[in-house]
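The structure follows.
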Amino acid sequence: MEQKIRIFFPYFLILPTLIYEVFISAYPIAYAIGMAFSGNPPALVQLFQDFERFKEVIFYTILIIVTVIPLQLIIAIFASIFFLNRFRGRELVLYFFILPVAISEVAGALFWYTMFSSSGLLNKLLIWLGVMHNPVYFFGYEFRDRTLLVIVLEEVWRATAIVFTIIYAGIQMINREYFEAADVFGFNFWQKLRYITVPLLKPSIQTALIIRTLFAFQIVGPILILGGEYIRVMATEVVYWYSQRMDPYIASAWAVLVGVVTFVLSILYIRMFRAGEGA
Amino acid sequence: MRKVLVYLIAFLISLWILTPIIYTVLASFADILDYYQHLIPQKYTLKYYEEYWRLGVGDALVRSIEIGVLTVLLSFLIGIPAGYAIGRLKFRGRNSIQLTILFFRVLPIVVMAVPLAVVFLKIGLYDTIFGVTLAHTAIALPFVVLITSSIFAGVPRDLEEAGTVFGLSSLQIFTKITLPLVAPGLAAAGMFAFLISWNEVVASTILTYLNRTLPAAVLAPYVMGMGAAGQLPDPYRFAAATIMIIPAFLFMAYIRKYLTAMWGSAGVR
Amino acid sequence: MGFCRGEIDMVSVELQNIVKKYRNVTAVDNVSFKVDHGEFFVLLGPSGCGKTTTLRIIAGLETPDSGRVLFDGRDVTNVPAKNRNIGMVFQSYAVWPHMKVYDNIALPLQIKKLSREEIEKRVKAAAQMVNIAHLLDRYPFQLSGGEKQRVAVARALAFEPNILLMDEPLSNLDALLRVQARAELVKLQKELKITTIYVTHDQTEAMVLADRVAVMNKGRIMQIGTPDEIYNRPVNRFVAHFIGTPPINFFAGTVEEGYINAGFLVIPFKNIPPGLVGKKVTIGIRPNDISISPIEQSIPVKGKLVVAENLGSEFILHVAIGDVVLRVLSKNKPAKEEVTLYVDKTKLHIFSEEETRINILPA
Amino acid sequence: MGFCRGEIDMVSVELQNIVKKYRNVTAVDNVSFKVDHGEFFVLLGPSGCGKTTTLRIIAGLETPDSGRVLFDGRDVTNVPAKNRNIGMVFQSYAVWPHMKVYDNIALPLQIKKLSREEIEKRVKAAAQMVNIAHLLDRYPFQLSGGEKQRVAVARALAFEPNILLMDEPLSNLDALLRVQARAELVKLQKELKITTIYVTHDQTEAMVLADRVAVMNKGRIMQIGTPDEIYNRPVNRFVAHFIGTPPINFFAGTVEEGYINAGFLVIPFKNIPPGLVGKKVTIGIRPNDISISPIEQSIPVKGKLVVAENLGSEFILHVAIGDVVLRVLSKNKPAKEEVTLYVDKTKLHIFSEEETRINILPA
Amino acid sequence: RPPASQPVPEKRPFTKIIFASTQLSQPQEQSFTIGLLSALLNEKNIQAVFVPLGYSDMVSKLKAEVSSGSVSVSLIGGLSTEIDYFASQGWLEDLSRYGTLPGRTFTSSVMNVVEQQKKQYGIQTFVPWMTATFVIVVNNKTFDYLPAGLTKEDVIKGTDKWTWDALVAWAKNIYEKTGEKRVGLPAGSGGLLHRLIHGYLYVSYTGYQARKFNSPEAVAMWNKLKELWNYCHPESTTWSAMADPLLKGDVWIAWDHTARIISAIKTKPDDFTVVPVPRGPAGRGYILVLAGLAIPKGAPNPEAAWEVIEFLTRPENQARIAENVGFFPVVKEATPTIVDPGVKKVAEGVSTQMSVADGIPVAIPSLGAKAGDFVAMYRTAFERIVLKGEDASTVLSQLDPQLQAIFRDLNIQAP
């Protein structure tokens, strides 16, 4: 009897989550998938019809994701290490650093708009300093490269914090003596990072990566606000088809595509970062 | 030397984070023409806030906080047991279950919110705080499970075993030993759940129209209305961004202390 | 002491054919023993022999692959740890890092729903016993290794369990403190009649504390007996070798009619069984059963002093006699290289080729 | 052994007035000492006296609040740990949990950029030394406590640092293994002339291993000297009490003209300084400096046997003489309650009221 | 719970209805509207809760509400074209049964639209609410840079010389004299650039909005636009409303919806002039935007909704709407009561534009769910031809079939 309970205990703990998700999420997901496959040709196929646009969307999506996520991860890891230092005012700086966790996508984008718009801080400052006379433009079709830079900055500024909190929470669970042992045996900073810190952080890194990737594929606000109409990613296509073109089928098709890509990536991460047997 | 470097980095971090916030907040109180002309605005006004206040932003704010906190509570209530099981217990199908839970969150919210709205209308949850909470919890839950499970996995096993030996029930071990040890992780997960709810615009917009959350009230035009409503003029942007961060500041201040464990390093051996 | 408890419920512990494997490692291999009510039972054995695993099985932290655990005759093999009313000192301490020392000791008592005063009394008393009364207000990370270990001990003692399991609880303490802690421990144990199973690698500790000792090796029990028995009548070569510091001297010999011949030493024996004659045996003699001054019932042997290790109060003399080097424990170091050793022939241990003890008496 | 190294760079370690405080706790209090090239230096002291903290300061893991650390005369106080070429065995092992035993030992060598063959050779050799060669393929969580500790030791040994810091490295090992590991350790240390600072609470270990011993108490150094000096000429009451098991006997006495009067014992002394006359002193005598059979230069005292503790090879006799109970180490237990003790008067230790040693010779 | 700032009556019983609108959603517009509606509470005990919604939001809301049978919205405000879509889905009440609204005369141009929908759906789908159009606003200092052969007079009056070519020449002249690109177009994602293309440029060049989408005239038009784009402010692709760039001085000549530039002119009435749009070979095309009020089927309290309609179409309220948010009256009686100098200026500009001889007023076609597709054709063409520099005729010939298919599918003639 006890034995049986013990075997079923884990499933029992997971059940509420599963039930909840099935009740709230399963139906909409099925609905969306259904729409993605209906139409003639199916909406998913229609995506490829404007192949130029499709290519562009994929290009920007990948570009943003492959720059933003590794950057965030790296910054988060270094910041976590940095915040293991004890210094006066550490708590406050830490608080600043995690603040953006609670700043919405859209608000974050607005902040960076304020920084880089033609009457934003940067331009006004440079003009005030006499470095230039006319503003440098960061937004607009012609300046898509610069806009991308601002989007990357904004994303790093805003969403590194959540990666950081996850990794920082993880690093705090690690016995500090493991690092000290590395110090004693002459590891330099990078060796310590590579052989001790990162492997021990694997579970946290995995979690952070999955979460970030999931979200990165769904960023809409900053892209719309900063990039306007001409930087298109998969998530903005969903919104575009949904609200501009009022075509829920193609919107769903894009959504399903986003889903598939993130899901596959998540599985990859889980494979890649499977915590070593010992950890 | 090292100390100097540490303080330098600390300073740069603060600068990096605070500059956009401070400048935007400043701008939100500035007279717009003055703002365009001066690096540091000279004339200030509360006009834009008054306007937002008239639009019911105060209520939306309260609602947003309510929904955010409820979401944290509900998703913790439901999700932490699962996080614990996945992170701590060994059982068959663990990986696939983890993936299944994740699977519920891979589709963009827009396409999920519309069918949900129809259902909510039928069962009377449409345009209610509880309805939005339900949706937000569904969104946050997989992450809560994910984050807490990775944190639970890091708790030294012998600390729990010591609990068992001294007669603590499973629940007592969980609440008195494991939970405090994973405080940083829970803080991270809590922040995350709150953040999801706080920032979520699409579902809130679709599932409500009178009882809007703050982002839905302030920001909906950006996300859902691309063409139709156009974009806000600059001063409203500044004010909107400022309104959005104030509760965030408070929430983070509260939860931050859990992120830094108070008892030094948790690891024992 | 101030310790007391309502009902005295001593418990006996019995292990029946316990086997525990980790993949291809057999950590515990068919172990059976019974520990009586209020007995102080010590598990002794080399590192990695399965002591901790055995304790963990008794505690219910590990399920044996086969075999049963009985408390007072009741099968508890599948009873979870929390229902076993056990106190345990973990080898790794397992002191809860998020609680102050006081709370570490008090928490199990709170769970037991003791009154606040009772808890305070017990915590204070236990802390006193292991000298950590001044540390109650610290977090574990503010403690030294030995201090942490003492917190773990105090936690188990204050709990006053039916069964106390201690896994090398004093390994990080200095000699003085150990003596003190040991004394307190025995006092408490006898007072409350707590059935105690104690793992140690310190033989003095085993000898001083134990009612009975079990010597383990490679997952198996080699011998169970009183400290005296273990020391004076080891059942096999392993036990003889393992018990006693400095370790016993071994040398080869051959059984002949009426005596055993070890080359440099010929020892007459009374009751040699006829089957044994002609067999090779191993002869053991402890360093402190050899003297450099004449003693009773001894056989003198001449040798050459090779090294003299100073232990502070004593010396270990390494004396060569032909190929064989004997360790001899002596209060003083001989002046000359040439020494005469007096081997106490009543203290010889004879082991067969199968390494088990042969019980014969010197003539 | 197969250990060898290109350049022999022994290093001397000097601590100058080191102070380390944790808030209101002074863990290390003005500690100064110098360890010579290739010396084996042992830190001994009660639990919580600051041994680990001292080691961590030498390692560079902790910055002292004041004072300097010199390696070969060079101030390294602010040199980070990683540049100190140190090997360390942590009290809590700090074996990296995500690596197999082999990698735990090999990684520091890889970092040093040794050749693959060299690494393998060293790992194997070090593993052999502490008997874990069969465990190289396991993860730490698959090891017993003692096995983990040995991995930590092997890791430090294989590293062949200039300075080896060991924090109770053998505390979780059984006696036999300790003896073996100790022997290997000394051999390696002497062969490579590694400056070694070794923390232990085991006095035998200290005595056997150390070139010099420092005894600490409450963050301060009490005495530094050879094992012999520490044992035979403790500078104060604390050292006398702390060193030697079973602990030394103390009893009170008064200095009189030409002798010291302890009531039951009157001992004539040669060179009593005049200022001392009339002062109270504490007299110490070790249990093994008292005999129950007549010895040279001794004073006979009659007493009553109270308890005889069996240590296996010996007994501790508790003998009451009036109010005073003396512990006596003896190979055998006297048959009768009445015993005559022979106190070796050359082994008496006299301490002033300030608890420091008074150097006077018995007449 | 209503937003705290929308006034709540103290004791008297009152009727609360929900007024959902795709218009007036900007914060300052919203707060004005809320303020305006509060008068109704005192007067008739009707509290109209003003809820701005995005169009697609509104569509999904109505769809969900009407199909589930529990309608909460009593009053809808939207563009006539949006209302047209609602009507096509059968979601609207016939308003003719509420009778007439005395004391106001709706202009004939807006009544045309009402009649047209009445014809199509057999019901009166909406009551006109307000109108707007798109105009050009010129910073007064720009007149210093007029190209040879163009006078300030030509521009302000909208003479024959005031052509798209002239505009380009002007822009070019500014650029050459100042080195700055000072023309601004709302080409951002929220901007209404597509209206400029289909309602102004196409009509001016081809005479039609869509019919001659792919034609030599159209190619000429696109090339002209391309030329103009060379002198357009590089941030144009980020702007959705021209008020800010005008105020900042980034832009000297801007085309936009009246409601989206009104705040600039109200702030600095003396700096700007509102002028008619230039003409093209086929005339001077311009759009008349019409917003209307409708009542959904099954709406709670339709009578109260009708009271709100009555309230909002009163001349004095129409004037206040114009003064505050830049949408102009649909009733004749309102115009004389406008006093704000800035708004007056716009009103004058608008009336000049409407009264020029060669003006071709057009309405945004009612395409229902296909409206997005319609808009997308023009924006795609803009992106490919102007931004990416693809050949105009190639692009147009590729897009034309898709555009024409929209009208074919809806079974209406391309405008």
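Order of writing sets the chain letters: A, B, C, D and E. Residues in each chain are counted from 1.
One rule holds for everything that comes next: contacts are C-beta pairs under 8 Å (C-beta built on N, C-alpha and C of every residue); 3 or more make two chains touch, one makes a residue touch a chain.
What you are looking at is a predicted structure, and each value in this text was computed from that prediction instead of being measured.
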Any chain in contact with chain A as well as chain C: B, D
Number of hops, chain A to chain B, where each hop joins two touching chains: 1
Remotest chain, chain C as reference, centres from CA atoms: E
Interface with more contacting C-beta pairs, comparing A-E to A-D: A-D
Mean-CA-position distance for chain C and chain B (Å): 56
Distance from the mean Cα position of chain E to that of chain B, given in whole angstrom: 38
Chain D and chain E, separation of their C-alpha mean positions in angstrom: 92
Set of chain B residues in contact with two or more other chains: 36, 114, 181, 224-227, 231, 234, 261, 265-269
Chain E residues counted as touching two or more neighbouring chains: 54-57, 188-189, 248, 375
Residues of chain A engaged with two or more neighbouring chains: 119, 175, 177-178, 224, 229, 242-244, 275
Parts of chain D lying in touch with chain C, wherever the complex brings them together: 22, 25, 44-48, 51-53, 91-92, 142-147, 149-150, 167-168, 171-177, 179, 201-204, 207-208, 227-228, 231, 241-247, 286, 288, 309-314, 329, 331
Touch list for chain A against partner chain D, complex: 175, 177-178, 180-188, 191-192, 195-196, 199-200, 202, 275-279
Contact footprint of chain E on chain B as seen in their complex: 32-33, 36, 48, 51-56, 58-60, 114, 117-118, 121-122, 126-127, 205-206, 209-211, 220-221, 224-234, 236
List of chain E residues in touch with chain A within their complex: 54-57, 59, 180, 187-189, 234-238, 248, 250, 369, 371-373, 375-376, 379, 383, 387
Contacting residues of chain B [partner chain C, same complex]: 156, 158-159, 161-170, 172, 176-177, 180-181, 183, 261-269
